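Look at the two complexes coming up: chain A is in both, with chain B in one and chain C in the other.
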Partner chain A sequence: MRVAVRRSLREGPYLFVVPALLLFFSFFLYPAIIGFFYGLTGLDLRKGTSLDFIGLKNYVEALRDPLMQAAFRNSLYVAVVSSPILVFGGLTSALLVAKKGLRGKAAYATIIILPVAMPTIATSMIWEFIYDSQWGAINTILERSSLGFLTTAWLHNPTTALTAIIVTYCWTFIGFHMAIYFSIIQSIPKSIPEAAAVDGLSEFQIVTRIIMPLLKPGFGLSIVNTVAGAFTYFDFVFLMTGVSGGGGFTWTDTMILWIYRNGIAFLKIGYSSAGAAYTTLVVFALNFVILRRLKIW
Partner chain B sequence: MVDVVLREVSKSFQEVKAVDGLSVKIDDGEFFTLLGPSGCGKTTVLRLVAGLETVTKGEIYLGEVRVNDVPAKDRDVAMVFQDYALYPHMSIFENLSLCLKVRKVPKQEIRQKVDEVAELLRIGDLLSRKPSQLSGGQQQRAAVGRAIIRKPKVFLMDEPLSNLDAILRVSMRAELIALQKRLGTTLICVTHDQVEAMTMSDRILVMNRGQVQQLGTPREIFSHPANKFVETFIGTPPMNFVECDLLEKEAILDAGEFRLEVPGYLRSIMTDRKLEKLVVGFRPDKIIVYTRDPPEHAIQARVFVREELGNQAILSMRIGEYIIKSLVAEDVLAKPDDTVWFLPRENSLHIFDKKTETSIAGCE
Partner chain C sequence: MVVKSERMNVFRTYHLKTHAFLILYSLFILLPFVWIGITSLKTQEQIYADPFALPIPAHPEVWLDAWIKGRFSEYITNSFIAVFATLLTVALVASMAGYGLGRYKSKLGPTLLKIFLVGIFTPNQITIIPLYIELKQLSLLQGGPVTYLALVLVYSAFRIPFATYLMAAFFSTLPRSVEESARMDGLSSFSIFRRVMLPLSLPALMTISVFNFIMTWNDYLFAATIINDPAYMTLPVGMQFSILGFYTTYYNTAAAGAIISAIPSIIFYLFFQKYMLRGIGGLGLVRA
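Up next is the complex of A and B:
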């Protein structure tokens, strides 16, 4: 009897994580590993389904591919630009919304959170209208305020296209990051910032010395999300410039678009898998370094 | 170290009046307690003094300074919160020293002060730990330490002992008293526990529904409660109340089966007032219970419940529609359904006007 109880106590906890582990293994770990192996084969669905082993050829070729280099640069650019905006924007929004007795904060929170709930196809259409070169809102405003020399075809200009997409991306997801920080701020007992106020801390000091350190887990989640998103977020890039292929794929394609094009459009599964494996490694490494730096791990 | 003056202070939250026209002067160096049931506004008073809430009406002075418009961080008061509110991401050392750090106190001096306080509160070996690694009692000490380290003008404590277990609470109570006497700083403490209030305070302010019920020393409040509310609130188990008519000729308090002769010293006071409806109160420990051979005027009752306390027991006795509680010695062996007789001790009756519930006469 006692032995049985002990055994079930020892094994019981593992039983509870089985469903989650099963999902994780079958939909995340297994595809990642199998993808790595596909990358070692010349699998090309145009030619058939043969899995002929070709060693690291795909991996070497992908590194030399100027389209992949461009996609990698673009992804890095998205990460570097969008992460600070989303993290800082989400954090300040959350602090504002959590502030006691601030007027209009409910309206503000609603406006910020709304785009998260909007279908991405609708969001990208709205922004395509805004960016339109002839009758888009931005160009119209620029012309009316005699800044006509600044007008451009925002989504079809190599210097502005990717940034324009980043703006849409950040506009959409600031609400999500606000929600992350807001939920943590709400979970901090009210007495803690109050104790700090009585202790003589200014409002700014309360934020920097008390609230921000307590938001650390939120920073972790938020940053991992933005960095991974820069490499793997598909919708806006594909919908706003990706369908047409941008300017020969190099202006706006991020890693996920490169993988998609090679794998799904061109059916070069082996080759695109090599790129996917690189993406996984890079995202993992970047997040590892960042989290280590922030001492979240 | 200053006195604290509240002048006609009111605080409303939307429709609710949490504090209603409170005026009190708390003396320099006093251990002052706000006592009342939950929701009576006592914590709000504390928060008003701390600057965490702003008054709706009235004025608050710390010493000579009117602090109505002074933000919490500049009031130089210290507060111990009910949940201690230690900064969870900081070590105890950092918790204690943060208030000094933001005041730009030199590192050397901070170290020295933390060591002093840590020694005083016996938390020296905990300084490198995080609050979550401390027991409730240790957290409480740390919170007190954070309050005393910068020698504030006033200490505020919100139910400082309520999260501790019974044994620890009693010992911390004694330590708090000693600490306050030693530091000599004005201390305002909020509690709903009358024993805590009685044992620790120089003076007690009893509050109910945002209003002052009585202000006085523990002895005054116990012996001369101003009204029925204060009476119910002080003493465990609470005082017994019986509604009576005064039969003037015989000077007997009459409530059906409950007939009690009025002691001589009360007769004139009561007849002077010409009141007919009265409430008589007497404390459970001021009742003599007879299991047999009762004296002539003793009141007959039936034991309803017996609660054993060890060296004493609480007898609940039913008489008519009343339940009278009595604290008896262990050798009074009445069990439920036994017939007993009781008499409130002479000189222990408290008489209240039924309509206003204010005290007319009474004395211990």
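Up next is the complex of A and C:
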């Protein structure tokens, strides 16, 4: 018996899996789970390291926090605006670039995916220049086309700041979604659309009736990614407006910014963990509903 | 014949529109780079005088200035150490796990794969606060060389689920005979993995590593949270530390800094974009 166990340990898969599982668990899964527990404690590193259990106090207070409400609203806004742009933008550009016999395919694909590979700090700086109120590209163009009355400080105006960030976000990540759809389209055997064309289906019908159903796993991943991103994408929001905390944190902060400020900046670990727990639950719930609707899960 | 030539015509105009759309979109992506490039070669006065004018006379010394003040050589070295240690760790650990899960029939195998799948769908940013506490408890946030260790542990953990999943999918497609002949030769499981399987999986590992490079090299959030020691800053946080101060006063230096910081990523991307596309495409194949 003992020998058999030892043998299966030596010969079976488990020893191979242990290092990966250990790393994954210790620095990803464990912190993801323990956060729910921290949310039930009053852990506050400014006061000390005591883990006193305070029940649902943080969870209730966070819900009443106007800053968290604003962060939640902002995240929803990002999701509602960016998801359709990313999904349809990615899909459209993938369908166009994948067209049979199109010249310069590779060059188009390279350019469209390029921003995904950029460091976010460089992208934020470039776009901060574009949005600059004095000499930025947008205001300069507006002034020269006698639309000077439209100029504004795009990133420091409560009505435009978050939308401006979303533009940068979509500019960057359409290429990511394009790559998802593009690789699936490329993996479809050429004979399938060709046979459909012989059967007299139009280009449009081939796309809607033959290609779209095959793209379903891509849609699942792509939509799930945009929804999760709206709540948890950090870099552009923080770098473009978040550092200065525009508008007392209510103009552009999304959930991850709220979590970061309360946890890392103010060291209110318990309190920020409650917000993180809400974020996790909302993201998983939305994703579950979406994947269910697409009949992927 | 008439029908056919009409059809060709339809396709041709269609491609014309396609090109028009794709060229416009490409310009939308590329023009910001061009404009920042122009800006980085001007003096402050030239920028204010006309933001769109060509840099005549050009001031390439701005770049030298940005390179020195930005301390880029230091930060790029730090990034290289942290990122390549991560890539090696993930390649080794995930190919082993992928081999175990993709080749062996075991009771726990499917469950383990599902656990990794949860990791793929969990946004890693939500771990930021507990991870901060954990690393603090392990005394990995005190600065010094342990900073590298903290970065590698965290980055590896984030990249392992997808890498393992892809490797398992890859190994499960290899024919049985590969292994059997090695076993006949009396090789142990581990030697089969090391001498037979690992070499076969190099293209798959390449795809994973290129994808992981882009994801870790450009990370800002975790680097900003983990690194407390300016001497160990990676490119994104280091460059924010050294260059962002110029942002409000010296636009040209800041613009040059932004481009310099993007150059390693862009070169890497242009060399390995085929793998990058495959990596993201692999994500599209992940399903429950």
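Please note the rule applied: the second predicted complex is superposed on the first by the 264 of 297 C-alpha atoms of A that agree within 3 Å, B and C clash if a C-alpha of one lies under 4 Å from a C-alpha of the other, contacts with A are read in each partner's own complex, and residues count from 1 in each chain.
We adopt the following convention: contacts are C-beta pairs under 8 Å (C-beta built on N, C-alpha and C of every residue); 3 or more make two chains touch, one makes a residue touch a chain.
Since this is a predicted model, take the numbers as computed values, not measurements.
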item	value
Partner chain in contact with A:Phe182 - chain B first, chain C second, else both or neither	second
First, second, both or neither for A:Gln205, with chain B first and chain C second	first
Touched partner set for A:Asn287, first chain B, second chain C, both or neither	second
Comparing the two partners chain B and chain C, which touches a greater set of residues in chain A	C
Partner chain in contact with A:Gly55 - chain B first, chain C second, else both or neither	neither
Partner chain in contact with A:Glu194 - chain B first, chain C second, else both or neither	first
Which superposed partner A:Tyr30 touches (first chain B, second chain C, both, neither)	second
Which of chain B and chain C A:Ile269 touches, first, second, both or neither	second
Interface residues, chain C side, partner chain A - complex	11, 14-15, 18-19, 21-22, 25-26, 28-30, 32-33, 35-36, 39, 47-48, 51-52, 89, 92-94, 96-97, 99-101, 103-104, 106, 108-109, 112, 115-116, 118-119, 121-134, 153-154, 156-158, 160-161, 164, 189, 193, 214, 217-218, 220-221, 225, 235-236, 239-240, 244, 247, 251, 254-255, 257-259, 261-262, 265-266, 268-270, 273, 276-278, 280-288
Interface residues, chain A side, partner chain C - complex	10-17, 19-21, 23-24, 26-32, 34-35, 38, 43, 93, 96-97, 99, 101-104, 108-122, 125-130, 134-137, 140, 171, 176, 179-184, 186-187, 203, 217-218, 220-222, 224, 228-229, 231-235, 238-239, 256, 259-260, 263-264, 269, 272-273, 276, 279-280, 283, 287, 291, 296-297
Touch list for chain A against partner chain B, complex	189, 191-192, 194-202, 205, 209-210, 213-214, 216
Complex contacts: residues of chain B adjacent to chain A	50-52, 71-79, 81-83, 85-89, 98-99, 102-103, 146, 150, 156
